[in-house]
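The two complexes that follow have subunit A in common; it is paired with subunit B in the first and with subunit C in the second.
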Partner chain A sequence: MSSKPFAITLDVGSSLANKTGSWRTERAVYVDRMPPCNHACPAGENIQGWLYEAEEGGDGYERAWRRLVEDNPFPAIMGRVCYHPCESACNRGQLDEAVGIHSVERFLGDEAIRRGWRLERAAEPSGKRVLVVGAGPSGLSAAYHLARLGHDVTIHESGPMAGGMMRFGIPRYRLPRDVLDAEVQRILDLGVRLELDKKVTDVESAMREGGFDAAFLAVGAHLSKRAYIPAGESAHVLDAVSLLRSMEEGEPPRLGRRVAVYGGGNTAMDVARTARRLGAEEAVVVYRRTRERMPAHDFEVEEAEEEGVLMRWLSTIKEAGDGRIVVERMQLDESGFPQPTGELEELEADSVVLALGQDTDLSLLDGVSGIEVEDGVVKVGPDMMTGHEGIFAGGDMVPDERTVTVGVGHGKRAARHIDGWLRAAPYDPGPRPELASFDMLNTWYYADAPRTEQPMLEAARRQGTFDEVVAGLDDANALFEARRCLSCGNCFSCDNCYGVCPDNAVLKLGEPGERYAIDLDYCKGCGICVAECPSGAIRMEPETI
Partner chain B sequence: MPHQQIKFYQAGSFVAGNRLLPPEERSVQARMDRSNSLTSGHRACQGCGEALGARYVLDAAMRATEGKLIAANATGCLEVFSTPYPESSWRLPWIHSLFGNAPAVGTGVAAALRAKGREDVRVIAQGGDGGTVDIGFACLSGLFERGDDVLYVCYDNEAYMNTGVQRSGATPPAARTSTTKPVGPEPGNAFGQGKNVPLIAMAHEIPYVATATVAELRDLEYKVERAMEIRGPRYIHVFVPCPFGWGSASRDTIRLARLVKETGLFPVFEAVNGEVVGVSKIRRPVPVEEYLKLQRRYAHLFGDDPRDDVIARLQELADRNIRRFGLLTDAPESAGLPGHAGDAADAPPAGVEGESNLMRMLAETHRGAQ
Partner chain C sequence: MLKQEEGSQAVAHAVAMCRPEVICAYPISPQTHIVEGLSDRVRRGDLSPCEFVSVESEFAAMSVAIGASAAGARAYTATASQGLLYMAEALYNASGLGLPIVMTVANRAIGAPINIWNDHSDSMSQRDSGWIQLYAESNQEALDLHVQAFKLAEELSLPVMVCVDGFILTHAFERVDLPAQEQVDAFLPAFEPRQMLDPADPVTIGAMVGPEAYFEVKYLMHAKQLDALDRIPRIASEFEEAFGRSSGGLVRGYRTEDAETIVVALGSVLGTIEDVVDELREQGVKIGALGIKCFRPYPLDEVRAALARAGRVIVLEKAWAIGVGGIVGQNVRLALSGLPVSVHDVIAGLGGRPITKRSLRALFADALADRLGPLSFLDLKRDVVERELERQTAGGRPGPHAENILKELGVVAARSH
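And now, the complex of A and B:
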């Protein structure tokens, strides 16, 4: 006789004995994809990574800042002057509006200055000495990263102050000098030696004399391009670089009541806006093409126009002299190139400022073997090394976009390769992960961050996002803005996969940040976790049988 | 509704957990110590909405009752896939008797507990739409009428899936099942038939009636918790997509549950003592096609010979729900809803008027579906 109750012959067992994972033809796999902001950042910042820390607020801000400066030592500067390609790439732009990354970055940078957070060296001294030529964004960035990597760094700067174009090119109203000074000083506090008024005329002898093992050149592009303009003796023609430079050193020049600025780049806007601030009643930008074809960024043009700067499109300056200029109307040909029309017009102008671009002074490389110069800039490899072994270059003197952020990125990349070269262990950044595109997200799960429900915060957010002249974000707004991040392509511990699995086959490994694992004994491969992951951090992969 | 008041940017009340929320504000499903009342190894199909819904409901109820919970189960998928003898996926006391008697078994368990003075132990009876809407309907109505202390949960996947996708009283118009073929001028299930059990439950004036979907976890958990705070008969109707019976992709289970609510085809609301007290608003309105075209049971409405006329009729049903339940606006047009609480100030005294509203609504439900 069975000892079991009526009609029962087997012990009750758990269905855990039934390994339903054998049904599966595809499996869910956790991935880390490349967020579009990180992908777009010329300085290679892990933007999503530092936003993740900032989202916690409080102590998270310092962790965010420390994560940020692993790649870029200038958050307070970047948050003001970077043209933020990250925001153009931000997937949230396709949902409502891009995350105001630069405003959070600026907040973190300002917090760091306010609270006196300091940088630290990350590596043991290597015993190697590196010469950096130029204390602009690229040189300072390289010096910072090299020092953190344990090298002994000396910067030779031809000018009287550090900062390069951040000081002599970007006006104060975009970048207050106390911010610049604070972020530069923090790098010097790492033990980087800065020698001012020390122009390097021959890089090889400078390296020999100083006993340097490698050099990073970042002399910038400080020579204004000239255009031939027939000018009367009384004509007052000056160039943009000298004008902006003189704003920092000694007397600002007298420009008169009416100023014409020749050129269509960001420098032209800076000059025109500076002229207005110097008291010019009229500042007119003369540009040979149309607004659409203007190299200046839209927001710079808008801000300039708001400040009363006038624009004269499709015009070239034919002649300057005695309180007036003669401009010729242009028209675009089929290829979009401006062609003269012969129609002349006279404008009143007490002075003309040329903002036609800049050239770089490469005389320090004269006679150095292996150096290749093309279009006035030095060719470098993907490792930022010139054709001469041990001499690296970056910033405005190499072929690339000329922005502070690009320069900072060059400095970082060069520093990592210089480090690898000095240690005879070439730096390998590894393959880039797949880009996290908008269609990989499940945007249902993101809270709306709408204007109507948060009018106060929203107004403040716009203030921070669109108007850098205005003060930065406060703590609450920065937190709000950071939390608008979608965390594209990377897990942010929302527990959704753990919640939605009909088979309990997603294991939660611990506290937030410790992530999840798929229990392949029971995962049937339905794909719900992938479909319902907000950030696109899970992928289905076919099973190999 | 209280469960939606978490104001939080990035992901607020939509995801299960979120590291930035204090632990007590995360859902039950986000907890490492959730009871997993329906555990792994069950034989539900890939992407089963019912398995998911049952775990959501029972884990929330287990937490609300501190584990003092007994479940009675009707015959159906939920019973078959969870308990092939001698295995069981249930991690709570669980009893199955017949297809049609789950509410009566629940009543019996509750009565036994009362007799033993163990009213701290709570009872859930549950079943699919077949066992609830059709076969167990008399037992369910009896449970409501007697006022027994049982929460009845219907997992509605809109047909008899376990036996091969036959039509039930919850099958929607135009849907293909093995007994409603997509042929003739009126392909699929007929318009104007079937039962709206949540409204019928409200007509019993029981303390609590709610609808929910597996796409809104926090809403569902809130409703289960609220139901467990109340004594007496309670009814929750959970919409659970079925990839097998609907011909949908297994990964789309939650997406379909989200869309059915966002189209207005399935209004998500709660009612206390026969009065609607809250509705889940539509967040991102979508036309019914978005929902229909993901399912092969509606494939005959699309393709080479599209039936725009039938789709338009389905859209009318959705639009009518949106109007009647006020699913879109902040100020619902509550006319036609049984004694809607929002009308209290202007409405004549409750009672007779409330009843007549209810009767009107039931009549409209019937008419409108035709």
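And now, the complex of A and C:
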């Protein structure tokens, strides 16, 4: 050392001797906040989680799919028919456009079918038997989760095919039947028994006879609501449920050249669009309020209009007769409720299809103690159990929004609670983490990336065919879309905190994905990592002294 | 090789011949052409191995040079004016750590008012930063001093600043003799760092030192500077031997042998002074000039010896300790203490104001007639100053001096002479 400059070149020392962590009054803490997509998903999917895996492409797709099916066994179906409240909630929507979550989900689902990925029965057999009534989305979802939890599951379905409203309500141009069949079959491959054409008329005796320890009821809502319309002898009036059902079994109905559809929901759109495909020259939707107040989703209305479906707002059907209907013009009053005006008009219509909503057939619960029914649906607790111990219910027969995704979510939630109930260890999902709101993000770090639109079948080609209208993404643009995810509230290993920490107090715990830790010996609590974390996955917490 | 060349390009050539391994710079007039020339050479691969680092500020430029030098690389940078001030803190670190960085300062005035033209305010402001300061008189000398500077810096392990008058030298085309690579290689040995950051042999450089050692480190810097007073003339004579021309050294006298009056100056203005000296000599006036080539370390003995026999010394300088007087003048008086020599400081050429032969003739005539006081200002527009001072005392809101003066002079915007 003596040959080196005096008091300038020194022995090796380190500023690590100065433990700057002692200056701290707040500490940085890594958190996993609730991404708004996950928060909004009725099926409780960990969307951010599976998008994170999909962002890697290649093998990441299978990992993404496996993560997805932990919550939902129907990615290919869901990616097509879900109204994706996740995308409405997506923080990216405030930046440019929401991530096309449904299109990536569909891609993963289709990949799984194409590549034959199988589900695994996760748990040891429990020795318990569970009866599921109804093979619709909710029943199949419950059966799937129960089977994976180790239970012996039998589904009793009154109809000739599985799928429920996914088959008898959603037209095939929105959900091809090979996709539906493939995802249902994967559940049956887990060992779930499906008994078709087996209507349960008395749930208690069915349970007794089959030796079931618990039951999950998901019979759906298949009874069309009627409206009183004075109709002549020769008037041709049908209901939407029967019409859509007959598309799947037996002969498609004869509707004539002009079809009037009464109602403003998604089912009305499905019926009108189906009518066009069956050859109706004119399909007109008659609805008593305005377009803004229509319950049908915008994209459904737009696609219907593209296909030549006509809309008649502010109108009610007064009378149906031979080849014609009489409609009355309505007017919205101050509270937005339609009031008759007395102005009548005649329209040509060979048939009228009522799409005014559905009721549920609860006769299987007649005489069962503790069951409460209100507004035609069965009351359930937060654990999806009815007032009768051991009988759970979900889907369209319980009070909630009636969508496939909500039904799938009910099935999952019920299965987890049934499992807890059967094991006498109540299921506790734990507290929900704080929502990762847009203001927690540092969006400067994300590259501009416009949303990938899915190709659509040209309107002119849709009329004569039930081919799928919306096409899927391919490997490359699915990857692009997955990578648009901002990973709200969850670390995605970007190394920003690692790079910006002025004290080198951020430690890498391993490979990307294995995250970081704060070295509290040196973290001064400056909060730069929090300010610069793109995804809002770090929080400052006061030190307790 | 003889060539008609711009000063900046000549300096770039010389620096390139010295094979720097790291060049980091932030552009500022009038230094820009030098680093442009070097970055071109690096880009083309003519200067290799060499890393050219474009930095975001002069502070970063000096910091990168410090890091590079501490890692054992021959490091070079260049700056001017505000850029030199911006790197001030790092200048002291470079000298305190004893890192042999070479830097060109293309001398330029300091704002405000902002002014890009030549004077010595910038380098004079850093005269006590612990750097060696060499001042070039001509483009040839600017070029030669860089070759000597690397050798000096690395022998002493101290940084060296080569001061080159902005525009007057950097942008002037003159005939220069450009050295060949073999010549420079033979003169300048490979850099052997006195201390080096090496992962295989870890040390700490420049960490905190307390009252027990700080003073000694500073004294050692002083001792090294005094050592430089011996090395600079030796390196200059080695250079003369190798390249066949005289450049650098501590001081250089011009017709001082029997001079009763000697004009002292730094940098390019010496040429004009020497022309006027020649004219006056023809008239029989015993006048000479003394160029101070190395201002830090200050060659006290050499200045004393050169001026001791003159009765009158005029120090013409392009910088100024405002509120005191000349900077070089103070140092000259220090060298002459105890001797019966009258010293006259003359501040001249600030902000690029031309120093003309006519003005010098008048100045020297005043001096010879004993009309020159201890501090005067060459070609200062006294009337403008008087009127502005008057305006400032008149009350109200008189506004900024610079704008008032430009308005009075009828100048729309500041422009070059």
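Simple rule for what comes next: the second predicted complex is superposed on the first by the 513 of 545 C-alpha atoms of A that agree within 3 Å, B and C clash if a C-alpha of one lies under 4 Å from a C-alpha of the other, contacts with A are read in each partner's own complex, and residues count from 1 in each chain.
Convention: a residue touches a chain if its C-beta (ideal position, glycine included) is under 8 Å from a C-beta of that chain, and two chains touch if they have at least 3 such contacts.
As the structure is a prediction and not an experimental result, all values here were calculated from the model.
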### Query
Is A:D11 in contact with subunit B, with subunit C, with both, or with neither (first, second, both, neither)?
both
### Query
Between subunit B (first) and subunit C (second), which, if any, makes contact with A:P160: first, second, both or neither?
neither
### Query
By residue count, is subunit A touched more by subunit B or by subunit C?
B
### Query
Of the partners subunit B and subunit C, which touch A:K19 in the superposed model: first, second, both, neither?
first
### Task
Please indicate which partner A:I528 is in contact with in the superposed arrangement: first for subunit B, second for subunit C, both, or neither.
first
### Task
Check whether A:R483 is in contact with subunit B, with subunit C, with both or with neither, and answer first, second, both or neither.
first
### Message
By the touch definition above, which subunit A residues appear in both interfaces, subunit B in one complex and subunit C in the other?
### Response
8, 10-13
### Task
Flag every residue of subunit B that touches subunit A in the complex, lowest number first.
7-20, 26-27, 29-30, 32, 36, 38-44, 46-49, 51-52, 55, 82, 85-89, 217, 243, 249-255, 258, 284
### Task
Name, in rising order, each residue of subunit A that touches subunit C in their complex.
1, 4-13
### Query
Which subunit C residues qualify as touching subunit A in the complex?
96-98, 157, 194-195, 202-207, 209, 213-214, 216-217, 220
### Query
Which subunit A residues qualify as touching subunit B in the complex?
8, 10-20, 23, 55-56, 444-447, 449, 480, 483-487, 492-496, 498-505, 508, 510, 512-513, 519, 521-522, 524-528, 530-532, 534
